[in-house]
Amino acid sequence: MMLVVAEQKAGRLNRASWEAIAAAQQLSAGSVPVSVAVLGSDVAAVAAELSAADVSGVWIVSHPQLASYTPDAFVAALAELVTALAPTHVCLPHTYQTRDFAPVLAARLDRVLITDVTGLSRRDGVPVFTRPMFQGKLVAEVVAEGPAPHFVSFQIGAFRADSATRGSGAPVTARPASLQGATLRQTAEAPFQESKAAVDLSQAERIVAVGRGIKAQEHLALAQQLAAAFNAELAASRPICDNGWLPMERQIGSSGQTVAPKLYVAVGISGAIQHLVGMKGARTIVAINKDAEAPIFEVADYGIAGDLFEIAPALIAELGKA
Amino acid sequence: MKIAVCIKQVPTRGWQPRLNDDRSWVRDADISYEMNEPDAYALEEALRLKEKHGGEVVVVSAGPARVQQVIREALARGADRAIHAQDDALGRADAAAAAATVAEAVRNEQFDVVLTGLQSDDQGHAQFGPVLAERLGMPHSTIIMEVQVVDGALRVKRELEGGWFQYLAMPLPALLTIQSGINQLRYATLKGIMAAKKKELRVVTPSAPVASRQRVLSLSLPLKAKQTVMITGAPADAARELVRRLREEARVL
Amino acid sequence: MERETLDVDILVVGAGPAGLSAALRLTQLQAAQGGAPLSIAVVDKAREPGAHSLSGALLDPSTLADLVPDFMAKGAPLACPVTNDNVYVLGPQKKFRLPITPPPFANHGNYVISLSHFVKWLAGQVEAAGVDLFMGFAGQSVLYEGTRVVGIRTSDRGVGKHGTSRGAVEPGADIRAKVTIFADGVRGHLTKDLLRTLQMGGSQPAQFAIGLKELWDVPADRLAPGTVIHTLGYPLRQEEFGGSWIYALPGGRLSIGLVVGLDYKDPLLDPHTAFQRFKLHPFVAGLLDGGQLVRFGAKALPEGGWNTQPALAADGALITGDAANFVNSMRLKGIHLAMRSGMLAADTACAAVRAGDTSVTQLGAYKAAVDASAIKRELYPVRNVHQAFGAGIVIGAAFAGLAMATGGRWPEDLQGHAGHTRMKTLSDYYGLEERDRLVGSNAVTPDRVLTFDKATSVHYAGVHHEENQPPHLLVQTDVCHSVCGPEFGHPCVKFCPANVYEMVDNGAGGRRLQLNASNCVHCKTCDIMDPYGVITWVAPEGGEGPHYDGM
């Protein structure tokens, strides 16, 4: 069987868990059952949510020391579980939390962990994992070696949460962790949010970026409205920041920030290579530019070759509906 | 305090990859290298800890002979001595294999704190630090933005997703992986560069072959699988069509 | 923070072929002579050796054989020997191969190399010999005591755009030396300061060209490694000096480039565009077909020859290499001359330090050595060739032929002129009526397969500069905003290969100069070619600039 480790925080399921389930289902392709484990101390609701997946079962791995996350507790609990269940693969979403404990877990069990996987295929019956290398400049196809289980973490957003097949309700079973003999060395305080003075575009899910096509500083207001309509952060290509129309922190490109949001709308940006290297990792790219030959269209999923001063207001109106 | 900093030598940021003939790896001949950026921040943090609490900073690097470039840079910035786990296979080894090699090389050192960057800019596994912690039997935390030493223990600020943070405490000895931007990097001075040549650089050969368990079948340039959908029509129609597709096809709205 | 100081016997400014040869030679002299150890330091603004080195290049190995006799055994990266020479004259579509290769273009015994790799290797030799190589330290100014050069001051680090600080500002270091060997390359900014301060200009003004270069990967069987091609003619016109090269390296790698004399008359000439047009010529396009651009770069080169060498010594200072204009523009070679001059400077500097006398008189031995060396034997006979090209390429070529035939005997040396003074105004060149209809006379729309725009070229030069630092181009912009437009049409926008200079809307109905300083590839063309002479290039923060891997 394959084991998916779901992630929750304060009783809320991290959506990336569904992506991991989808990935595991694809990896198995029906050959072995997929089950899910969720760790915590009060996670019945989360488990119930997970039981809607087409999986063979949901394990609640509970213990007072799992109430809030520490790597030692999670590694100890999962080491127990994995040893007991002996899955072929352990699948996790590549979240900050997974990055914190999964390598230790794999090392404790002396097994291989392949991280940041974006795709799956098979070669001679053996799973092949696709992952980025050299900051996304190259794509690698990798096979896992050594004894099972093989641990795999999946890049956030690489697999679609809604492509996880649903079932008719999987059984939920409690499997408390014993954590016997485990030394738990970390003490964690409660997480808190910091109001960031600087804008961090790398965290934005959606970005609207403007370039030279906006022509004059007074037209920035239109760009701001468009960003608001998309519920996106406003960013810019270098010339706009060089002119001082937007601060340097909003610059995307080789001399600014590199981003990979879910949606990137490039407005009046030609797509010079210095800009492209900063945003071509975005999942969905929309380009609006007067010049149909502009290089930006080469990386765009959707393009409108037209006058942004007409398209942008139309988009704002359209997004305002419903 | 005895502080170790694990530093990796990686191709420079601006490097354009070229694949070797069988596409099993990149063409080594052309590459210019530099210190992995998060490791540079880890080094700076180590130097600051030493300035505050006394002790020594030992830079540790695993790789072929060429990694002495970044070792010397680290010594020039103020590290006291260096350990080089040398083996050509380490040039391509995965993080877990490198960590096992380093663990062996530093086994007798008894470090109080081990710092390293959160991940490397080349293979990007984000595993080296945590695996090393496990091999050394140390507690760890990752993606650290602040380090305090309080009563012989560590209190660190860990970065979470979405602008959240968390403070964590753990006893020494411990390992941390450091986030870029935690501090301001210092420059190597002339005196530092000159002194680097005289500092101890111990070369260690791994006793067992370096064994990666991730086998790269092939490398390729990311395919432009995208077919750009050009949306035509009057602005209002085009806008409507775009929003529809973003909602229904791409599902980003 | 306190300013660091360092005292050495001999300081070498610049880690190119001249500087590194000087440093290596010093260690050899030290080893041979024994005695009190000489303290030697080499500084260079690039992050690593070779990062700012760019040339075609064909190496005449004669100097290397003198400096490092077992250079092959020591792994010198002489990529491949030249196997065949070809010279073509290009028309817009056609080509004509010269049946006989003119002697200056005959390269038997020479090697095709990557200068960047060569410099990297040479730096390795220097470091192995125990010399401190301080990479990433940009020179800010020369230190003087009266008329004596006592060293250099390096640039501050950590200074923000408007003079504020980015974190901690580290003041530049003062490196004081008994003898400073200047090897800071073509139009070296410290040498420029030295020449002006101590009035060391030569008998004739220096002359320059710009070389634009690309590395391409093409199918390995396209050209045999060691194939050397030079072309004249298209895309340059009769009135313009220059030509191109195409050198085949092993593994399907091609080095291609265009040299354009920085003494052209057309104020709107854009060397980068000329280079793109060159690549579109059927002959060149055929060689590049199916290939991939790997790297781009641009750098000026000295063209004026022997008569443009400055005074070579001052109290406590010697000038070597491209900074002294030691390039044979007929043979298109300067690396071996740079190395030779570095070695000779080392000999003189070492003897002077040992003798306790580093005055200009004592250091004059260097000039005497240069005069007695292969440098003069090579450069003197062709001393007027470039100056003759001032009368056009046909006359220049004829003159070059004569120079070869007569061994350079000529009753009176030709007078050369600083190239930027030959640029004509828009009215003179285009005529008053045409001025209103001005479009870049040689504009090319990039196809992004063979031809690229300047922004893309900059990307392929691997340029990196901290954005938040003061601009390193000092421009008297009142000229830009008043007379330059009507007179010359802002030629900086054209001659800069990296789009550093842009005239943008100033929001008040006019235009202003915008400096995209972080694009700069350190080629020095602007410092050379602006017709008013109001641009001064200074070094940006050390460790930055282009990354000429393999160039």
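Miscellaneous remarks
As written, the chains take the letters A, B and C, and residue 1 is the first residue of each chain.
Simple rule for what comes next: a residue touches a chain if its C-beta (ideal position, glycine included) is under 8 Å from a C-beta of that chain, and two chains touch if they have at least 3 such contacts.
As the structure is a prediction and not an experimental result, all values here were calculated from the model.
For the pairs A-B and A-C, the larger set of C-beta contacts lies at A-B.
A simple rule picks the central chain: find each chain's mean C-alpha point, then take the one closest to the mean of all protein C-alpha atoms, which gives B.
The geometric centre of chain B is 37 Å away from that of chain C, both derived from CA atoms. Chain A and chain B have Cα centroids separated by 20 Å.
One simple way to say how far apart two chains are is to compare their mean CA positions; for chain A and chain C this gives 48 Å. Multi-chain contact residues of chain A (touching two or more other chains): 254. For chain C, the set of residues touching two or more other chains is empty. Touching two or more other chains at once are residues 13-16 of chain B. Residues 448, 453, 455-456, 458-459, 467-468, 504, 507, 514, 516, 518 of chain C are the ones touching chain A in the complex. Residue ranges of chain C in contact with chain B, taken from their complex: 4, 6, 41, 47-48, 51, 132, 134, 136-137, 157-158, 167-168, 170, 173, 175, 217, 294, 460, 462, 464, 547, 549-550. Within the complex formed with chain B, the chain A residues making contact are 70-72, 95-97, 99-104, 106-108, 112-116, 123, 128, 132-146, 160, 162, 185-194, 196, 200, 203, 206, 230, 254, 262-263, 283-284, 286-287, 292, 297-307, 310-311, 313-315, 317-319. By the touch criterion given at the top, residues 12-16, 18, 30-32, 34, 184, 186-191, 193-194, 197 of chain B touch chain C in their complex. Against chain C, in their complex, chain A makes its touches with residues 217, 242-243, 248, 254-255, 272-274, 277, 295.
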